[in-house]
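Two complexes follow with chain A in common, the first pairing it with chain B and the second with chain C.
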Partner chain A sequence: MKRFKIAMAAVASAALLLAGCGGEPEGPSSDFDPNAPVTLDLAFWGNDTRAGFYKNAIAKFNEKYPNITVNSTFLPFPEFWEKRQIEAAGRDLPDVMQFDYAYLRQYSQNKLLLDLKPYLGKYIKTDGFAESTLGIGVVNGVTTALPIGTNAWAMFTNTALISKSGAGAYTGGTSWDEYATWMGSVTKAGGGSVWGGTDPTGRIQNFEISLRANGKNLFDDAGAPQFTKADLADFWGKGAQVRGTGATIPTKRLLEVAPKSGFGAGLTTSELTWDNFGAGYAGDLGAAASGLALTAPPVTKAGAKDLYLKPSMLHAIAANSEHPEASALLVDFLVNSQEAGAVFGTNRGLPASSTHLAGVKLDPLSQKILDYETSIKERLGQAPPVPVVGYGSIEEKFRQLGEELGLGTVTVEQAVDQFFSEMDTILKK
Partner chain B sequence: MVTVPTSAGTPTARGSGRTTDRRAAAAPHAQQPLEPGRRTSGGAAAAARRETIAGYGFLAPWLVGFFGLTVGPMAVSLYLAFTRYDIFTPPEWVGFGNFVRMFTDDPVFLRSAKVTLEYVLIGTPVKLAAALAIALLLNSITRGSGFFRSAFYTPSLIGASVSVAIVWRAMFAGDGPVDSSLQVLGIELGGWVGDVDLAIPMMIILVVWQFGAPMVIFLAGLKQVPTELYEAAQVDGAGPVHRFWKVTVPMLSPVIFFNLLLETIHAFQVFGSAFIISNGSGAPGGQLNFITIYMYKRGFADMQMGYAAAIAWIVLVVVAIIAAIMFRTARSWVYYAGDNR
Partner chain C sequence: MTTVEHVQPGHETAEITAPDAGPVRRRGRRRGLASTIVWYLLLLVLAAVVLYPLVWLFFATLKPSSEFGRNSGLLPWAPTLDNYARVWDGIAGIPLWRYALNSLIVASLAVVGTLGSSALAGYAFARVAFKGSGIFFAAMIGTLLLPFHVIIIPQYIIFNQLDLLDTYVPLLIGKFLGTEAFFVFLMVQFIRNIPRELDEAARIDGAGHLRIFWSIIVPLLRPALVTGGIFSFIWTWNDFLGPLIYLTSPENYTLPIALRLYNDATSTSDYGATVAASLLSLIPVLLFFLIFQRMLIRGVATQGLKG
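Let's look at the complex of A and B:
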């Protein structure tokens, strides 16, 4: 009889455990005590600069909620997602995550993220958001993430380094050929230690804006590519011409300074990237940060709406979180509060929430970003559809092939074939 | 009269014979009480069962680990190798699709296999040659050999660590210590880290630098070679080179075989240092995209777990074939002292 009781107890506890695993949280529990001590895990990608900001923001959060302990961890972007994928498989994601648009569809569809609807208005204020901005974190009708900020594709130039080399400044918004000529002039003046820039054809975003100039996107609403092998071969072929003139930094040098970019390492004077990268560059470059300028990327076709505002990053809560209410309070603080705005500035993009933005003290760099996004209004078009599942891998493959083209280990034709074969495999999912 | 002694003698002879037989037969019985736990036949069976249970009891932790952490996952990975599996959705059976893709539609896999083989086939023999050479030197000196043995052994303890990989990356960067030193000698190679032709040599130097572990084993082997063999060879007029090839190498061949097998398998497992030196990407141009890194990327970055499992099984099969070839050829070149062949 005793044995039977033990067996029953074991079965019952196993059943409870299984129920705990499979159960879907039904929203905030009514008996949530905001003063109960809880510990939350927070994960984000970035560098030391951003980690410092998060540390300060958490300290401010703890002034309000001393009972909520926040353990934060950070990794560079690719490793951040490798780690999340493994955790996702075990349904063991950190409570609160900085989230990327490219992965939002995959994680939402697999019910890995908490449905935020019951928490909106109650724990997370939504007054500061425009209706369209709130819609960014909605997948299949479910709100699973809140946008932190928006950003746009831009050109950073290192004016201090340019004037040191003796070359002229880049005005922005020229043709791609003129940009290449300018890079060549800087490289020549730099005398082998400074280069004008990095081959722009290594980044999928530059390919994207050249497609958008012709009224297309990378992928349509149904997730089918809107470019042909010939389009890509043409694009990479142009890169080969630029590299052939020796205007851009050799890929070999870039590999040596990675994970810093050539621009961040102070080796190149221009780089096309998202406009919120300024603070990261400033951190990488140290004292030379004052000489950073933001200008418009080269133009593929005059008058085209090739640029767009992208949610730079979002905040999401894991469906497996044991403290969804406390997590919601943290997310509210990180996306809405003036205090967090004051700490982060535009490090995470131009804030999406107006209350968050109100806290941002526009330091020279943030002011530059605000001015930049105002200046490109004419070029801003409609944002492309939510990225396809596996977009992160497609983007990374593009980058790797760009690197190989730079090293000369593949021909343009081979690279195009490899890219399409890879893309087909990923899209077949 | 004649028959009496005969008939009297016969039983005696028979009797003595029987006595001998009985004694021989009785001998095991005589020892029986000395064996513990076998006093009665029923008790013996119970005791044996208890012993078996105790034996399995002691084995249990290992068995749990073996079936739970090795055999189980291996079986699952074999199943996954025939599926398309992204972790989030259930695996979907694709037959031999993954294997076909690997060899017909994935140039990155083929290049990854090529650089891995290059690394193993060059790195391992060079490492063993270095280990044997230093072991011979250390075997010939008496003063300070303990110090040198420890000094040479240290790199093999720390060589696979993250910190050494970071140091390696810095040392072989453009204008780093290695590049600068070579420039002094008039050799202009530039940085190795981002160089398509120099990345594998840089990794080979890293693995050769860790020759300490096989060296210690070689040294132990060298101490076992009987000195009279050298003396006899010397008397017969054999020089140092001759003595090395005709005495040292044959006597050391089991140790060489052991080291070769171990180091080859070990070389296939290269991961951490290449991952860190290439910044997780296998760059430059896939030269450091060793099969383990490629497998990891496919599995955990691209979420193609089925494909990654298929690669893992191909690696296992290739390593098994190489090991089998080694065991096969070993019969003709490995000499075991005391073997009457």
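Let's look at the complex of A and C:
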């Protein structure tokens, strides 16, 4: 499987090289004719439930535009991108795609995505979006995608499990040391079957917010890293200390329950992750979402704007689309309309467009997310530049090294060296 | 990859039982009942070790999704048949049998295409002395060294321009044109070991190449055809990348892709349905294997001996 992945990566880079040879994206050729029959391809990732939502949304869309036939196709996330990479090589991407932030720079720089500027305002309404949110899908000054929903880094706690263990609740927004102490108290009360949390230094986002607390990002606009080996060694060194106290769940135990996380398997009482993961956790735990609480992550530096809103998903149109106007209308419907909002709810993240949000009937969990994103307003800073090409691989390497550190198979120094050499290789491509 | 896993248990039992069965039977009376029992117990334990993952999979299909990751033991805490009910309902309004039918169509056609074309190609390489046959044979073997991933993109572009995406043609056409070097090689080696005198006798009776192929070679080729058929079926049944690239409409998906649709790391994953559907998708391959297992091992064995 590993060899296969490497091969896929090779294919993908070859694909994008080939794709880069293509021509300039075309501007809007003509106005949309509401009577001419048009067929669009729509691709998204997700499960059965989301597929059902898209089906209903398209039916609503067809009430308005009966002349546009939408053929939709869906796959799970990793397969979705394997297929897109190959289609990109053949310049045969689906007209409208659900898009991921991590791939946006790569596809935009290779001119695979349509420049949306001529369509904004005319076919795609923008009044529902905040200025900062619209700026999310801009790469090198060109708008190539519109955010569907936003999410922010957060901490989930399992209140039901905490009260069962007899420990006190975590209030959120404390210092990292206080968080570690609290995890230790839950682990102690849990008596070997429940742990306070997972070592947070295994996730690159926790490193990112500690950097942002000091006014830096992982990467600057030009794609150069804004951290040194010493920064990372310091960060992982703190993680080793916390692991040493036995407050966090042993990595070995985590690997046993994969693909579930320790939190999803009901072994830990807190986990730092994106705020839209609640439904997944509730499903994994088989418990009511009411037992889950959302709180702010620990603070590195008081008063710092370390958090930010990230697009959970975006919509983009392929540069090779033969029907950019119809595609733009579909995107407008999917990101802006109340009807689509009513169909999707918060399945694709908390809606970025206020008109879309107006259609959403908030369930208790979505209400928690909305409340959470309101509660951290003070800590929300400007979003970092669109992730560098290959960010997904960098993030994954970070996670793997975190896992190896947890298993004790590498020292902090070795892990830092490995991370930098891997990152340099990826950034040089 | 999966095929290797399937073959291994067969081989293991064959290797374990074959050399031991003789001595045990011969010395059985001397050794007495006790040692026989010990031997059988040992074999039972080995079989249990090999079969345990499958048994675990079966019991896992009865676990509700929330039990995954918490109950790693064999028996479910709260057994339920819900997983099967959800699998039966299918995905995105398409019932599971539709995916199974798609897989069956593709796999069956692949068997027919692979066997027909590779037997003909094998006959040509083994029996017809045409100009440049040595070079062509080397080139054919050379394609075995060519990783599939190298040709994905050119192939995709070609099929895209021929407007054949979202059909089964890209998955099958190569098999009907004898591009599967492994199977051609299998046939060539087998045919080379069939005595030429049989052909010559037929030739004297006035038979041409097609007649010799059909009346002399094909009946003698049966073990190789069975072996090739089983491999081809299992490989196509389990193929993931090909259908992923060429099929777009969910109603055309084959079973391996449908299985992945139950898991979505970005929202909720239905582990219960995943294992239930996995078990169901194993059944045809398992049946196929059990029925033809004897022939499979014999086929491989004769290849090894003669080649």
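As a convention for this text, the second predicted complex is superposed on the first by the 286 of 429 C-alpha atoms of A that agree within 3 Å, B and C clash if a C-alpha of one lies under 4 Å from a C-alpha of the other, contacts with A are read in each partner's own complex, and residues count from 1 in each chain.
Methods note: a residue touches a chain if its C-beta (ideal position, glycine included) is under 8 Å from a C-beta of that chain, and two chains touch if they have at least 3 such contacts.
Bear in mind the structure is a predicted one, so any value in this text is a computation, not a measurement.
Colleague: Going by the contact rule set out at the top, does A:51 touch chain B (first), chain C (second), both, or neither?
Modeller: A:51: touches chain C, not chain B.
Colleague: Is A:79 contacted by the first partner chain B, the second partner chain C, both or neither?
Modeller: Both partners.
Colleague: Of the two partner chains, chain B (first) and chain C (second), which one does A:400 touch, if any: first, second, both, or neither?
Modeller: first
Colleague: Please determine whether it is chain B or chain C that touches the greater number of chain A residues.
Modeller: C
Colleague: What is the contact status of A:256 with respect to chain B (first) and chain C (second): first, second, both, or neither?
Modeller: It touches chain B and chain C both.
Colleague: Regarding the shared-chain residue A:418, is it in contact with chain B (first), chain C (second), both, or neither?
Modeller: Once the two structures are laid over each other on A, A:418 reaches chain B alone.
Colleague: Quick one: classify A:119 as touching chain B (first), chain C (second), both or neither.
Modeller: neither
Colleague: In the overlaid three-chain picture, which partner chain does A:99 touch, first (chain B) or second (chain C), both, or neither?
Modeller: neither
Colleague: Name the contact category of A:41: first (chain B only), second (chain C only), both, or neither.
Modeller: second
Colleague: What is the contact status of A:89 with respect to chain B (first) and chain C (second): first, second, both, or neither?
Modeller: both
Colleague: After overlaying the two complexes on chain A, where does the chain B footprint on chain A coincide with the chain C footprint?
Modeller: Shared contact residues on chain A: 79, 82, 86, 89, 256, 258-259.
Colleague: Mind listing the chain B positions that touch chain A in their complex?
Modeller: 84, 86-89, 101, 105-108, 173-174, 190-191, 193-196, 278-281, 283-286, 300-304
Colleague: Please give the residue numbers of chain C that touch chain A in the complex, ascending.
Modeller: 64-70, 72, 91-93, 147, 149, 152-153, 156-157, 160, 165, 241, 244-245, 248-250, 257, 260-271
Colleague: So in the complex, the part of chain A that touches chain C is made up of which residues?
Modeller: So the residues of chain A in touch with chain C come to 7-8, 10-11, 14-15, 18, 41, 45-52, 55, 71, 73-77, 79, 82-83, 86-87, 89-90, 92, 256-260, 264-267, 279-280, 282-287, 347.
Colleague: What does chain A use to touch chain B in their complex?
Modeller: 78-79, 81-82, 85-86, 88-89, 106, 109-110, 112, 250-256, 258-259, 390, 393, 396, 400, 403-404, 407-410, 414, 418, 421, 425-426, 429
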